[in-house]
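Each structure below is given as structure tokens.
Each of the two complexes below includes chain A, the first together with chain B, the second together with chain C.
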Partner chain A sequence: MSFKFPSIYDFPPFFTKQVHSQTLETQKSHWIQLILDYCRFNKIWILSLNGESGDSTLDHVDPEDEDDDDDYAEVTKQSLFTNNKIDRSLKSDFIMEIYNEMISKEKAEWVNPKNHKHGIIVYWHTLEEWANIIFEWIDITGQSNTVLTLYELRKGDLAKTQEFYGMNPTVLIKVLNVLVKTDRAQIMKDDNGKIAGVKFSDK
Partner chain B sequence: MQVQRFQFTSEFWEYVQLSNGGRPICSSSERNLFLGTNVGLYLGNSKIENYQNGRLYLTNLRLIYVPFTSNEALEKNVGLSLNLAYIENLQFQAGFMRSSPKILLTLTKLSPDLEYDTVHNTLDWDCPICSHLNKCDLKVVSGLNVPKCEVCGVSANVYELNKLKVEKQNNSRSKAYKRGYDNSSSNPMICTNHPANRLQLQTSGSLDSQKHDLPNAISSKSKPIFCLSVKIDGIDQFSFKLSFRNGGARTFYDKLKFALGQAKWLHADSRYQVNAGALKVARYCSPTDTDIQSTPSNMTSTLNFESTEKRAGIHGLETLTSLKNSEVSTFLNSSLGDLQNLMDKSKDLAKIGDDYRRMLMSSKTVDKEVGHAVELLSRSRNSLKLLGNLLDDRETINEANDFYTVESLNLLKQAGGTQAGSSLYVEELSRQVYDFIIQENILRDKNGLVTALDLYCLFNKRKGFYSVSPHNFLLATVSLKRYNPDLQLIELQLQSLQKVEGKTAGETTEKARSLYAICSSTMNAKSISRSILEVLESGVSGGYSALEFQNMCSIQTNLLLLQSVLNVLTRDGVLCVDSTLQGEKYFRNEIIHFRA
Partner chain C sequence: MSRKGLASFDRNADQQTKFQDLGQAMLRQREEQLRTQLQVFQNALVNFKQEHKKEMMKNPHLRAQFSQICESFGVDPLYMTAEDDLDPEERNNRLAIRIYEICQATRDLYGGIISVDEVIQLVTSTIQDGWQFKMNHHDVHVAVESLKVLGNELELVKIGSKMYIKSVLQEFNADQSQILTAADNIGYVTVSILRDNFHWKTARCKSNLDDLLSIGLLWIDDQADERCYWSTTWINKSH
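Let's look at the complex of A and B:
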């Protein structure tokens, strides 16, 4: 089953930045909603600058690279921002504007604020909401006071039916940090400082 | 308290029709020379109250006074003209205290007795201090008995008085000769046509009936009525003053003096046949109405040269020039009749075309019809040639007129120099632009709208190399609405808003590229907008480009205006735009109404 785009997606002017301010605001909010719905449906946690899933396209980006001299990324035919049916695609500067709007509304966050090439983390749930969802699942499945690895949380058999299944490790760490801050979880690290496991407390 | 008004008419002044822009309509031999504004007319020393603020045009033949009207668009004005040939003498009176500088016009007087008694025995002189016009007896003027100013008591300059005296005596001698010549000659036209013979002084009561007879349409016999606050009994009806309240009197005086000299020469040349001894020319008789009589290239055949002398030297050249002028004017005079005849010929030609078409279409040939057609065709050959020549002549005359019009405009610019001069220049330029638009049918030819840039180019091209600056032209077009409310200067938004970097870092301003255009006010943006929305609501394909909109029957309007309306509708959020490499298409704004 593929994602069903809203009817506005087939309206050609939707892909042109509008002049009228109120229309532009509405247009951007429609785009933000579309991105959130699309990412939720396709379980895309990180979205690249050209509108593709960040996990697959960002392999070539050096994580240490902090050179952010160019935010331009060519929008491909597979991108969310391209409608092959009506042969329209968004311009990269307008995509950046939409991303910035999402960030200001706390619906997204730069993966690396110093280098936008890494794309954005899309929050169709806020970090607090994700923390609650995971904590509820731990409680229901009786895994309180047990130590779970990050892999078990992301790809474990028990978590297969859950919304957070396959969550990007970067996002998961951010969610766990929220739980730690509210004393609902405890992160255990190995000698190298890497996260070895997480222990959730009782409700 | 009601002020009593006294009215009179003067045969010297006549009503003249003005152009749409409120400028005098010049004849083919007439050239605009100069212009003064805020000019008041005086009869003697009394104000003519209904003509105290107006523009005064100087041409090489006439002085034309156009009274000020607050709303020129509604009240189409008529002007007054005074033939320069009526002006006998000219004097400049400098301004003193609150009195504006004035030009005194002494018009030609007819009555020999009056002329001799009152004019030739007295001498008019201007006080060098207060510029008061004094009169003194010619006999009195001598080195021992120097006249003094009646106002300030300053003595006159004896040298200047003697100079004036000599000039006066020379003038009177030439007049005496002229009178003798007129009486002895068989040409009674000079006396009977003299305006002073027809001068009618009327009381206000007798003029009441004439007031109602003054229609908007000017008849050649109607004369302007002058209103005075004093009785005319003690006023010299032959002297008029022009008061220049906005300055520029001195320049106008110089120009008028020069024009007067030329006009006198032209007058003498045409009336007394100054060069008649060198070559006698019988004027060309106007053609009959039935057919085209004038011949284009061998026009001289219609002029009878009866002179046995050779055409050489200055007289010869003068005669040749005069011949050429009369040739051109004859063409113009007969042009209307000729054009009517040409119209008839063109109908005949159209008939011939039909005949040939029928002949070619059918297998049978009708010899008789073809013969008739060929005959018609051969008869029309001369007419076509003549049409070509007429058009050439018209073009030449128009070019000459344009040259002088622009030259007079440039003189205004030079004479002004100040803010007042500049505004006068722009105002006159605006009138010229308006006349140009009307005469050339610019708006009709350009689908009801012409961009200011196009109009600027057309105007400059028409007026030759004396170009008008873009800034002045724009200023002139802004006030076009003043002459005709049907014309409007609009600003067309050519593109969507774009960000422009400001002077300081980070400062950006939104600026739209726009273009000025002149169009008739019947081109209503609202009606165009309504049509666009109707098309979009009933449309199947959803969006249309500006060109596609223009091609639709309901929105056949100028593309620039249409584009401007589309841009405005997009900026207002009524429409939304789809930009691609192929161009822009406009849709109804579904984005703002979309609910997921």
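Let's look at the complex of A and C:
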């Protein structure tokens, strides 16, 4: 089953930034909803600047490359922001505008605020909602007070049917930090300061 | 059977999964039971309304209490009976509410006008609380007329040969009506299309197009040879 795009996606002007301010607001809010629905459906945690899943490309971006503030990225044919059927695609400065609006509405966050090249983390659930979902699941499945690795949470057999299955590690750590702050989990680190495991408290 | 050595670890893990499965199964079962109970109660409410319809019409106190109960069980008392059971006035009122809701919901996107055909399509294609309206153009007229007592918020207008419901105060001049008709027919217009077909000067085309843009009835597409002004009536059209 593939994602079913809303009918406005086949409306050519949807891909041109509208000049009239009220229409523009409507257009942007429809784009934001579409991005959230699309990422939720396809389990995309990180969206690149050109509208592709950023999960796989993340490792290839040089982390030292911090001084590059060029936000331009070619919008490709596979991108969410290209509709090949009607031969239309969004301009990258308008994509940036939509991303910034998502961020101001707390529907997204820069992976790295200093280097936008890494794309955005898309929050179809807020971090607090994710924290509740995971904590609830730990409780129901009787895994409180046991130490779990991040891998078990993300890719464990038990988690297979869960919405958070396959969650990007960067996002997962943010969620766990929420749980730590609210005294619902403890993070254990190894000698190198890497997260070795996490223990959840009783409800 | 007690297993010794390494095998005992397997058993431990085994047991844990089993407990988890059992826990989840129990939760599911309870949820199922509650859902059935709720369904039974909702059905009872529907039956009650059918049996005591007349009494309820007469007794506002009973009606209020009944609505309250319905609300707490997530049943919309308005939408509970079958369409055939309704007297014409109540049916019309419900239609009017649906039409009003649709106009509200689509106003930002469409700029405040929506074709009667699309309204009918939207009303008849959605099932609300288990039942579906059948309606025609005449029903829409009656419903919109009846809303007039609440102010002139909705108005039926004819643009070209098509009927629309308008929920903005904006009036259209003859030029604008002509543009909207053309745009609705083929999806969009351009300045050249208007000049060639209506023999207007460029300035006349531009100023009318700008007016329609500024009330959100047209959207621009700049990825064609010439700027296209699309009609919002095509947003939900299946091509």
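Keep in mind that, in the parts below, the second predicted complex is superposed on the first by the 201 of 203 C-alpha atoms of A that agree within 3 Å, B and C clash if a C-alpha of one lies under 4 Å from a C-alpha of the other, contacts with A are read in each partner's own complex, and residues count from 1 in each chain.
Keep this in mind: a residue touches a chain if its C-beta (ideal position, glycine included) is under 8 Å from a C-beta of that chain, and two chains touch if they have at least 3 such contacts.
Because the structure is a prediction, the values reported are computed rather than measured.
Undergrad: Mind checking the superposed model to see whether chain B and chain C fit together on chain A or clash?
TA: Taken together on chain A, chain C would clash with chain B, as the superposition shows.
Undergrad: Once chain A of both complexes is superposed, is A:Asn177 in touch with chain B (first), chain C (second), both, or neither?
TA: neither
Undergrad: Which partner does A:Leu158 contact after superposing on A: first (chain B), second (chain C), both, neither?
TA: Second partner only.
Undergrad: By the touch definition at the top of the document, which applies to A:Asn42: first (chain B), second (chain C), both, or neither?
TA: Neither chain B nor chain C is touched by A:Asn42.
Undergrad: What is the contact status of A:Pro12 with respect to chain B (first) and chain C (second): first, second, both, or neither?
TA: both
Undergrad: Let me test your reading of the model: by the given contact rule, A:His30 touches which partner, first (chain B), second (chain C), both or neither?
TA: both
Undergrad: Is A:Thr141 contacted by the first partner chain B, the second partner chain C, both or neither?
TA: second
Undergrad: Looking at A:Thr126, would you say it contacts chain B, chain C, both, or neither? Reply first, second, both or neither.
TA: neither
Undergrad: Going by the contact rule set out at the top, does A:Gln78 touch chain B (first), chain C (second), both, or neither?
TA: In the superposition, A:Gln78 contacts neither chain B nor chain C.
Undergrad: Using the superposition described at the top, determine whether chain B or chain C touches more residues of chain A.
TA: Touching more residues of chain A than the other partner does is C.
Undergrad: Could you list which residues of chain A make contact with chain B in one structure and with chain C in the other?
TA: 7-8, 11-16, 18-20, 22-23, 26-27, 30, 88
Undergrad: Okay, in this complex, where on chain C does chain A touch?
TA: 16-17, 19-20, 23-24, 27, 108-109, 111, 188, 213-214, 216, 219-224, 228, 230, 234-239
Undergrad: Name, in rising order, each residue of chain A that touches chain B in their complex.
TA: It is residues 6-8, 11-16, 18-20, 22-23, 26-27, 30, 33, 88 of chain A that touch chain B.
Undergrad: Show me the residue ranges of chain B that touch chain A in the complex, using the header's touch definition.
TA: That would be residues 496-497, 542-543, 570-573, 576-580, 585, 587, 589-592, 594, 596 of chain B.
Undergrad: State the interface residues of chain A toward chain C in the complex, per the touch definition above.
TA: Touching chain C: residues 7-8, 10-16, 18-20, 22-23, 25-27, 30, 87-89, 140-143, 158 of chain A.
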